[in-house]
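Chain IDs A, B, C, D and E follow the sequence of writing; residue 1 opens each chain.
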Amino acid sequence: MKLEIRGVSKTFQSKRGSLTAFDPIDLDIREGEFVCLLGPSGCGKSTLLNIIAGLDKPTRGEVRVDGRVVTRAGTERVMIFQNAALFPWLNVFDNVKFGLNMIGVAKPERQIVARRYLQMVHLAEFERAFVHELSGGMKQRVAIARALALNPDILLMDEPFGALDAQTRDVLHDELQAIWSNTRKTIVFVTHNVREAVVLGDRVIVLSARPARIKQEFVIDLPRLRQIESYAVVDRARAISALLKEDTHASQRDVAANVLHELEAQMVGDDVL
Amino acid sequence: MKLEIRGVSKTFQSKRGSLTAFDPIDLDIREGEFVCLLGPSGCGKSTLLNIIAGLDKPTRGEVRVDGRVVTRAGTERVMIFQNAALFPWLNVFDNVKFGLNMIGVAKPERQIVARRYLQMVHLAEFERAFVHELSGGMKQRVAIARALALNPDILLMDEPFGALDAQTRDVLHDELQAIWSNTRKTIVFVTHNVREAVVLGDRVIVLSARPARIKQEFVIDLPRLRQIESYAVVDRARAISALLKEDTHASQRDVAANVLHELEAQMVGDDVL
Amino acid sequence: ANQSSDAARVRVGYFPNITHAQALIGFADGTFARALGDDAKLDAKIFNAGPAAIEAMFAGQLDLAYIGPNPAINGYVKSKGAALRIIAGATSGGAVLVVRADAGIASAQDLRGKKIATPQIGNTQDVAARAWLIKQGFKLKEQGGDTQVVPTANPDILTLFRKKEIDAAWVPEPWGARLVHEANGKIFLDERELWTDGKFVTAHIIVSAKFLREHPARVEKFLSAHVELTQRINADPASAKQKLNAEIERLTGKPLPTQVLDDAWARQAITYDPIRASLIGSADAAFQLGFLGDAPPNLDGIYDLTLLNRVLQAKNLPAIK
Amino acid sequence: MLDQKNIARKIIFFVALIAAWQLLAASGIAPEYIFPSPVGVAQTLARGFANGTFLIGVATSLQRLLVGFAISAGAGVLLGLALGRIKLLDETVGALVLGLQALPSICWLPLAVLWFGLSESAILFVVVMGALLSITLATEAGIKNTPPLYLRAARNLGARGWKLYALVILPAALPAIITGMKLGWSFAWRSLMAAELLSASLSWGLGHLLSFGRDLNDMNQVVAVMLLIIAIGLVVDRALFAPLEARVRERWGLGAQ
Amino acid sequence: MLDQKNIARKIIFFVALIAAWQLLAASGIAPEYIFPSPVGVAQTLARGFANGTFLIGVATSLQRLLVGFAISAGAGVLLGLALGRIKLLDETVGALVLGLQALPSICWLPLAVLWFGLSESAILFVVVMGALLSITLATEAGIKNTPPLYLRAARNLGARGWKLYALVILPAALPAIITGMKLGWSFAWRSLMAAELLSASLSWGLGHLLSFGRDLNDMNQVVAVMLLIIAIGLVVDRALFAPLEARVRERWGLGAQ
């Protein structure tokens, strides 16, 4: 097993009391597998990804990568955040080189590697552009290049295409599938979009509302490249959606409480490091 | 005809020269009709909506409402913007009352009307909330209530659901269809999402890349309430998508140029009033 | 100039003002430099107010200074006698109470309820003015009365006089003369009238106690030059005035008008006598006014005239006690 | 819980600071007339409050500050509004405002004394010149940076004329205006102290008391007045601006900071 | 085209302003010693530059400003960084910084003169106390307001130790730091002028020249020096901060303003 999640649970302590994001979760992910996580808002998907990345500590349980317990962030597990999280003070090229610099790759090699991945995401012409000059889709592609440049074993993607318009999203789905076919990374992909999960995943895991547990797994054995508007995808998606909706209504009622809670979380989140 | 667009064209003058957003466009919209506009980015959809709203002047041609030429903004044609454009210094209730206050509705009546529309969009409990405490979908619903409170004949909606996640979007599609069925407003709705256009519109009008002209019209005669995942919708959408893609590729290549141009437009746009 | 170390330097503070005539002329014509010879290099530091000079001496950046009596007393008292000594006099007289000619002030009683400017709170003229006003039976504003002493920088006094915002001013020369000539002022009282023999100290020389301890020889040489300058000025006031005015012009960019200079000069005397009695009187007045803290000032030891008397003896002049 | 711990830490820190200061002063490495001691300063404070001079000083300075600031705030917002909306004015008077902003307001003092004499007006003038321009510029920037979308939305909902100014343009610029006010206040406070240090006056503010301390070489008085000035600065900031800012931040949802 | 028109308008406005000033001065409603005329000011300027005093004044003040500002900027950023990242320091020293920020730096002058004497250090001290704290506070705020996302992303990409500080935390706070620098500069400039107006010194800066004009009741000199001060204020702002700000704004894509 590439990635073993063993009895992981997480409880947040805040001024208002404690909040259990998820109950003990067990999950195994094979090398080269593309796993999509679906679940109602606030159920703990991001938290789980953060724990795998080593950016957050589980309250109980442990995560193992290649059999070794994860204790801190490591460049063999790289996260791609919802809004790309590019550094605005660096241009596109420097953003892609950032991680390489951190792990001490020599300068000339950095250049070569970064250029290769920028080419892979079709942004070679934009290497001198500032971040704010890119469209949302272009930013996501830079973030993907920045992550891939580190040649991680595992890619963790937290709603990376959530904020994009449909057309751009479709293009990126194709690109991500192509990249994955070529590099065979292990990918854990969080999304709210059921069709997206079906288009991308080998396996789709549906989580319940908070405290999250694994509600059901779907193995998606459709041939690649999959198209989001194909009947097969729509069909599978409809089944999963029905399952999700049970929970969504429950969590919808929770919106106001959630808003407040999230504001708090932001405050607490300030001293991350 | 409720709304007659007669030979309207628009040319922007900027430092870099002039840019024609669209060639003379002719379009008639019946009372109570729900018309969706689709078209590649930058083709001039927002500009056309602004001209109808009276927030922008056409370079040539004219827009008539009930036979009278539009010369300035008027509360019988109200626009709903992509990101809601609520006023953060007012709470939800005051936002909805804003337009009523402007057109001189007496205070007690304002309260009653505003409450009615907040109820219609299922936000009665949130009337004291600040804008930033709302989710994106809630904001859009407040914006819809704010516009409907003025009881306009025509609603102009510029990608109102563009930034929302799929679930919220679906809910709002249902709500908008319900509201439209009850009030029978004339609605012009701009979107990038083909399925959305098919779900909502009586007619879908596809514009070409800049300078925009009307490329084709589709009459959507599916029964209401339509569901975005129904085969019928997906089928119609696929046909329209194919037509759109011809142009999208042309405009994609234009991205870099566009980014620059939009930055400029922002600068020029500063003195709107 | 050769690079002299800190130890071989005498730093002297003074103002570009006619009450510091010896310093201005002595630096201009090289008298001080000649007197010190190769022993030490002279360093002139120009000030425009006494407290600043005291601050500089406290900070260890000034060895000798020409200065008015009250800043010297302040410095002595605040440092509990640790910081400085008075070693010679410089000027006597030269302070006047000027009233606006059109303020309708004919007798002292007419000053009731008026605004009287002085150059700086707690300075020599300020103390004199307050003490005198109280003696005339006025209550000052701080004591709940209606006559007001307004500490104001000299140039502003001139402006405010012109704008008729103050009615009188107790100022040192040449400001007295300038108020008369440039702002329609009238001499109401020459402070000399208030003191026995018409003598009271306006400027004297102080030395930092540390410097006096460590370099008495240099101080003596300096004093010798000071006495020599005093004699020369008194012997030929006309040429002294000319030199003085040239030096003032060099330092401030503007000479004094002849009339102002002549008037002002006539009301002061150049002397090396520190006029001890007037200093004690001034200190008492300052204490009465609350400027010197809670206990009566102990000025024993503020004077150290040993060196001055040695110089005078060498020149066959009578000693000062 | 957490808050109590914070406060305890602060108290310990400041007590330690004062103790260290007293030790240093008592150790005699510098004479008291150069390095005043906490005890001496406390005595001076007690005496100053007992005989009323400090209270009068505080009242005098505060009054000047409030009057000067009120004038600056009113005029600054109006001028900023005009500059932000009227292009011709912005190109001409705007340049003048920018230039004058580069001039430390204390430099006006000599002219102010000439023009206004000993009256309060001279000091007030310096205070106003200190605060007015930064409030003007902040308001102008706030108005220019208002997202045009708000204006469009407002016009679209029927807003016209003064209502547009009062109910949309000004509120939209409010966070920027408050930032400007805070900056203006801080310039006003600095200008006031400098002006009082430099000018004669009929009623004595804190700056005068400080300057008297200097003139009498009484460092205890200097430090005592400095502490008073710090206290007032902190109190005004807390009492006036912190709540205002907190309210606006809450409304606008501008981060918790 | 547009720009030329702007400049023309500005020129017309300022020429008209000066003409009005000259007319007012010549009309004799106020004597020249109260209301100096442009002609008199121009003559003073010419004389001052001819005999070198103005050039020396400008050089002296600029040198003090630059040295003081450089010290403040370096120390301020480091201190702000420490306060922003170390909680205990923030709770103790942070409170002290906040308190001292409420004290107009000119109030330090009497103590500074006592401690440092007539040397440049006294003026420098006042300048540093003026600029340091606002740069510190701005840096601290910038660091505290850095989106935690950047930190996560950086750690996630392998950033650790000093690289995290130098390559992520500081750059992320850069826009805030530059704002703080601008504010600090403006405080430094104001403090310098006030300090020069209030203190004697061995070399004469612009403030001394101004105070000198006051002492001589020479209002032409006062206004001439004020114009010089404005000119320097504008030039430094344009030459130092405008390009820096423009670059950062461009990089970060922070609106065109």
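We take it that a contact is a pair of C-beta atoms (placed from the backbone, for glycine too) under 8 Å apart; a residue touches a chain by one contact, two chains touch by 3 or more.
Given the structure is predicted, the values throughout are model-derived calculations rather than measurements.
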Target chain D, source chain B, minimum contact steps: 1
Co-neighbours of chain E and chain B - touch as defined: A, D
Chain whose mean Cα position lies farthest from chain B: C
Interface with the most contact pairs, given as the two chains involved: D-E
Superposition rotation for chain A onto chain B, Cα-based, multiple of 5°: 180
Mean-CA-position distance for chain D and chain A (Å): 49
Distance from the mean Cα position of chain D to that of chain C, given in whole angstrom: 39
Distance from chain C to chain B - Cα centre to Cα centre, in angstrom: 84
Inter-centroid spacing, chain E versus chain D (mean Cα positions, whole Å): 17
Sites on chain B at which at least two other chains make contact: 133, 263, 270
Multi-partner residues of chain E (at least 2 other chains): 33, 110, 114-115, 144, 214, 255
Multi-chain contact sites of chain C, meaning residues that touch two or more partners: 55, 58-59, 153, 156, 159
Chain D residues touching chain C - in the complex, by the definition given at the top: 31-34, 113-114, 117-119, 199-202, 212, 214-219
Chain C - residues contacting chain D, complex: 51, 54-55, 58-59, 71, 74-75, 78-80, 82-83, 115, 117, 120-123, 148, 150-153, 156, 159-160, 163, 165-166, 291
Touching residues (chain side chain E, partner chain A) in the complex: 87, 144, 148-160, 163-164, 167-168, 171-172, 174, 250-253
Chain E contact footprint on chain C (complex, rising order): 45-49, 52, 55-56, 58-62, 153-156, 158-159, 162, 252-254
Residues on chain B engaged by chain A in the complex (per definition of touch): 125-126, 129, 133-135, 138, 162-163, 165-167, 192-194, 229, 231, 234, 237-238, 241, 248, 255-256, 259, 263
